[in-house]
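In the two complexes that follow, chain A is the common piece, with chain B as its partner first and chain C second.
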Partner chain A sequence: MALSYELRCRECGKRYDNAPLSICDECFSPLEVVVDLDAARADFTREKIAAGPTSMWRYKALLPVPDDYVPPTPAGWTPLLKAPRLAQRIGATNLYIKNDAVCLPTLSFKDRVVSVALANAQIFGFDTVGCSSTGNLANAVAAQAARLGLKTYILVPADLEAAKILNTQVYGANLVRIDGNYDHVNRLCSQIADRFNWGFVNVNLRPYYAEGSKTVGYEIAEQLGWRLPDNVVVPMAGGSLITKIRKAFKELIALGLVEDKPVRFFGAQATGCSPISTAVKTGADHIEPQRPSTIARSLAIGNPADGVYATRCIRESGGWAEDVSDVEIVSAIQELAETEGVFTETAGGVTTAVTARLYAHGRIKPDELTVTCITGNGLKTTDALNGCYETQRAVRPRLTDFEEYLEEGHQELAFGGVNVR
Partner chain B sequence: MALSYELRCRECGKRYDNAPLSICDECFSPLEVVVDLDAARADFTREKIAAGPTSMWRYKALLPVPDDYVPPTPAGWTPLLKAPRLAQRIGATNLYIKNDAVCLPTLSFKDRVVSVALANAQIFGFDTVGCSSTGNLANAVAAQAARLGLKTYILVPADLEAAKILNTQVYGANLVRIDGNYDHVNRLCSQIADRFNWGFVNVNLRPYYAEGSKTVGYEIAEQLGWRLPDNVVVPMAGGSLITKIRKAFKELIALGLVEDKPVRFFGAQATGCSPISTAVKTGADHIEPQRPSTIARSLAIGNPADGVYATRCIRESGGWAEDVSDVEIVSAIQELAETEGVFTETAGGVTTAVTARLYAHGRIKPDELTVTCITGNGLKTTDALNGCYETQRAVRPRLTDFEEYLEEGHQELAFGGVNVR
Partner chain C sequence: MSVRVLLPNAFQKHTNGTREIQSSATNLPQLLTEIETSFPALKTHLRDDNGQVRRFINFYVNEEDIRFLGNEKYAFKDGDEVLVIPSIAGGVDCCCCSYCGQEECCCDC
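After this line comes the complex of A and B, so read on.
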């Protein structure tokens, strides 16, 4: 059966048959999947999508898999939450959260990209798959590969958070701790993929993998009633996600599913690893690599593969990028949880803090329809909140003791201003 | 507007108007919500449900909320996964997992009951809500109440898992550690609810709360293509969930949405807290309270409120109950993750281990359509896996070092039988 997608060089446009390739052999630029929109048109209608599964696979016609592909695991289709209480705190009036903190099956948006990558790993016949990862990707690959019965090697920086390591090992994956940062790990994975002929989702399968991120954009548009927002705020690690949300919006416009309108893209990074936001703020047209030092480990990519494309996406759209300190990240995690009941990992703290600043600086107007992307779950980075909450004394199980405890608490609040929470 | 539900005593049948009440003032038996099925018939059709939201609120017509209730948070609608690889390991051929490890918004089935309870807390005008909890309920109440802007008091046993405590505090809830086990905490909450006029979801709002569990049953039936399974395996803490899944199935039969057929109910407990399974196995018609001692904290209720009803449900259906050791729980957590990519908390380890035993003992036949209920996420009880995985040495980021590392690993496997995973 003829496939309705192929690989193409992002820069020179050279076309390739589908294969586990990520770099153009002519100009050494990255390859990208191009889907034949005309071929997809008949299957990508509002009605057919609504009748599809309640997962990201409702958009299968625009994803690089064969028409008859049967997805083994539900993934994506996360809530788009109206966020009135957070909005009030940060001076917004029309704010939504795209909540991939609860993305199936492993609680980050990486489940989307891994679903598409592993489908292609199977098509290409790999019996061993893997990735280089700052954590969320490791979890997603390990879990989804387990379900498929694939052998798995996951390479991570040696100092990764405990919960992310456990949440990889439990699936039976071979977890290899590398003495270096993400950029070291990533380079090593390229060599390993070549040497052993393994399918590394974010290396030799990267063009397919990256297409999975488009589903965030499709979902935002569908959940807004098939219309585009004014602004999107997106965390940036490798820089791919923000470009793929834009690609998704463009495809929806081309297919006539949403009305064409300008959407501004805003990028969020931690100051301790801010190569993309720095490029945007200084007007540079290249990315100056950085040595990451931030609690936002899942964004700690000092030499982002898609940094230049992310910068272009932001600039061309009239958006902006910001970066925030580790202290701001922790406060923002708490603020998001307290106002909207969403517990995010450090990356979501970055996005929330940056969103607040964009309103404060007037870069986003209060009434513009703005979507802020939360990409991972707080249970994966609990260490970030160490020391934020006092352990209260245990109370005896009697009503009088409880009443006494309440009075103590109120006194503390009244006299010392200590928050007893 | 007249409501199509009311409270009724489970034993004497006395009817009550809707109110924050849980005990019959005539016979001191528990009250239950009864929904008028005839009134719901027109809105509870396969077509209307399919056109509803992709959350448990698609079944609103059979839940105790007014017709015009607008739910603030998506909850439920979790995957029903075919589990062929787990099935093969335990001698089954037709096994499904109902995966509430990824239930929205806080990753346990408690989100379902809390959604219904807080809807009613608002209807009754409570400005402060709370619960007694072994952890998952605390998370669900704290998160959902935060989004509603309600003041929250959560009472837990003082020795609860760290992740469950943090995942309550982060939402801004007042977390009160009680020097006692769940049963002590629960009794205290009854007194507090009366004294302060607070809405405790599992105390004075319990009849409404419990109805939320029916949505597990509705979803199983709908996801099986509107038919009932042969067997359901359900973890038991207070014992309510298993009875509510049965209630859901009965309602679906009464409304003609599924064909009537016998379904057998199987209960799962940890041996360290097994008052209900003990009653089932010994044929007792009452529950002998136990002092809990198990790593399955979320099931550690020694004096289960609905224990007698759970026992009856199991017995009347021709099912059975089993309990498993802490060691078996840990192995089952790993087995489920390795085969199906589902990382569950200790309670899911209980259910998985019990399911395996039911097949091994011939209580469930291999080809019977069996659904096993996973009710919470593994990231909440990571301590249970402490010591299960060795920390491997960090490898330098060079191909030769990686090759050396692989060889070491294979040698270990070959000579010592040490699992290098």
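After this line comes the complex of A and C, so read on.
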């Protein structure tokens, strides 16, 4: 291949030149990007990566962009935080948080996938890009398209959180609210992409887009000192992220950057939209679609595109999947904020609550090196905490009044973190 | 009795560019037979080796996934709009080595 990557059907294996395509025209199965690891071997060394930019583009040699591509936006390279206080609360001793709540430019891991997708949108010559989104992707596409001067059409479910709508509109995007859930929106986008010559990041650009998720895996390994964890806990919406982290680990092993070892993958969903965790728990080899009903709207995909692959990834790694209620999600958002100073959105509440349950049920042993992936920022879903905190009376600016206030017993201002187990 | 059936771009190579058909089928199995009769080239692509419709192909009736309506048991109504849409996924098959692309690979991964 002229470039060191191309498209391949993951069912029948038919290969395609790089193009805005996501479906095989022989067997109608999804296409994926295959990167030529041998071609990348010389440029993908620990030393060269360390000398690269402090963004996800330090791993450019394994991403589907040309060698001379100059990224306009530094996304990724988010902190990997040791989480001793959360660990103590949930019975763990070796717990880390991969904190994409502070991923730039729009505070979710979607900035990673959009960076790769829009690079390819430009290569393919699109002047208009778009996506179907549960919110975070909308923000990421709107912001990065603005920097590139691309027109945008972004389709979202009409009931999306107000902050996510505002955080899309502010970039000048054409935001279209659709009277339906995400699955309706996604289906409409498939039809639009068939009809209009636009680059939809998660439709006709999806094979490229999905590769951006690998950078979460590369970063975890590098930040752990070039070693793999024992367990990874990952939120699941469409199911792509968990499979791409695994792909990243396999690539690092193949290139000799980390020692080979088994890593177990654990998936997290909200009970109100749990098609993948249900398949894992019941041993099914297919996904039964669901009608979502959960406050975790960024995970509310009832017919997940990568659900089958996510299920296989979990099962083959010896992992498991769990799902938690909306009440547990809110409690876990509070618990993560109170223990580790990380304010995550509802999806992070799902991941945190599921992580706690996996320890409580003995599926993860306390001393195993475990990374839990926080993928979005709590400032985008403050609605979820409505009613959780009282508005206090204003205290006069005098020391005696403050002492009086303390005596009234207001030291405990809010509901404490509830044990999510 | 007639339903409007919208076919995806991915089918067009096998349907001489036809994007839309009118059908008198009364349910999904009948519709599949009709599509395969009209476009014989599509048949081998639409079904797997066991003769089952490939699992990445989804059917929707008037915006609703046909699996929520009873799937093969759902009786089409006059004027129904049927959408055929392949799943869009970017996942990697986890038993397939991303280095060599083989399921049973001998790489050190």
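Side notes on the structure shown:
To be clear about the criterion, the second predicted complex is superposed on the first by the 408 of 421 C-alpha atoms of A that agree within 3 Å, B and C clash if a C-alpha of one lies under 4 Å from a C-alpha of the other, contacts with A are read in each partner's own complex, and residues count from 1 in each chain.
Please note the rule applied: contacts are C-beta pairs under 8 Å (C-beta built on N, C-alpha and C of every residue); 3 or more make two chains touch, one makes a residue touch a chain.
This is a predicted model, so every value here is computed, not measured.
Touch criterion met: A:180 reaches chain B and chain C at once. Looking at the shared chain after the overlay, A:44 reaches neither chain B nor chain C.
Of the two partner chains placed by the overlay, only chain C lies in contact with A:243; chain B stays clear of it.
Once the two complexes are overlaid on the shared chain, A:209 sits against chain C while remaining clear of chain B.
Of the two partner chains placed around the shared chain by superposition, chain B and chain C are both touched by A:191. Between chain B and chain C, B touches the greater number of residues of chain A.
In the superposition on chain A, A:266 makes contact with neither chain B nor chain C. On chain A, the patch touched by chain B and the patch touched by chain C overlap at residues 180, 184, 187, 191. Those residues of chain A that touch chain C in the complex are listed here as 8, 10-11, 13, 22-35, 37, 180, 183-184, 186-187, 190-191, 194, 202-203, 206-207, 209-211, 238-240, 243-244, 246-247, 250-251, 253-254, 260, 286, 288-289, 291, 303, 305-306, 308-310, 312-313, 316-317.
Taken together, the chain B residues at the contact with chain A in this complex read 54, 73-74, 77, 79, 81, 85, 99, 102, 104-107, 142-147, 149, 158, 162-163, 166-167, 169-180, 184-185, 187-188, 191-192, 195, 333-334, 337-343, 377-380, 382, 385, 388-389, 391-399, 402-403, 405, 409, 420-421.
Taken in their complex, chain C has these residues touching chain A: 6, 8-11, 13-14, 45-46, 54-58, 60, 63, 65, 67-68, 83, 85-99, 101, 107-109.
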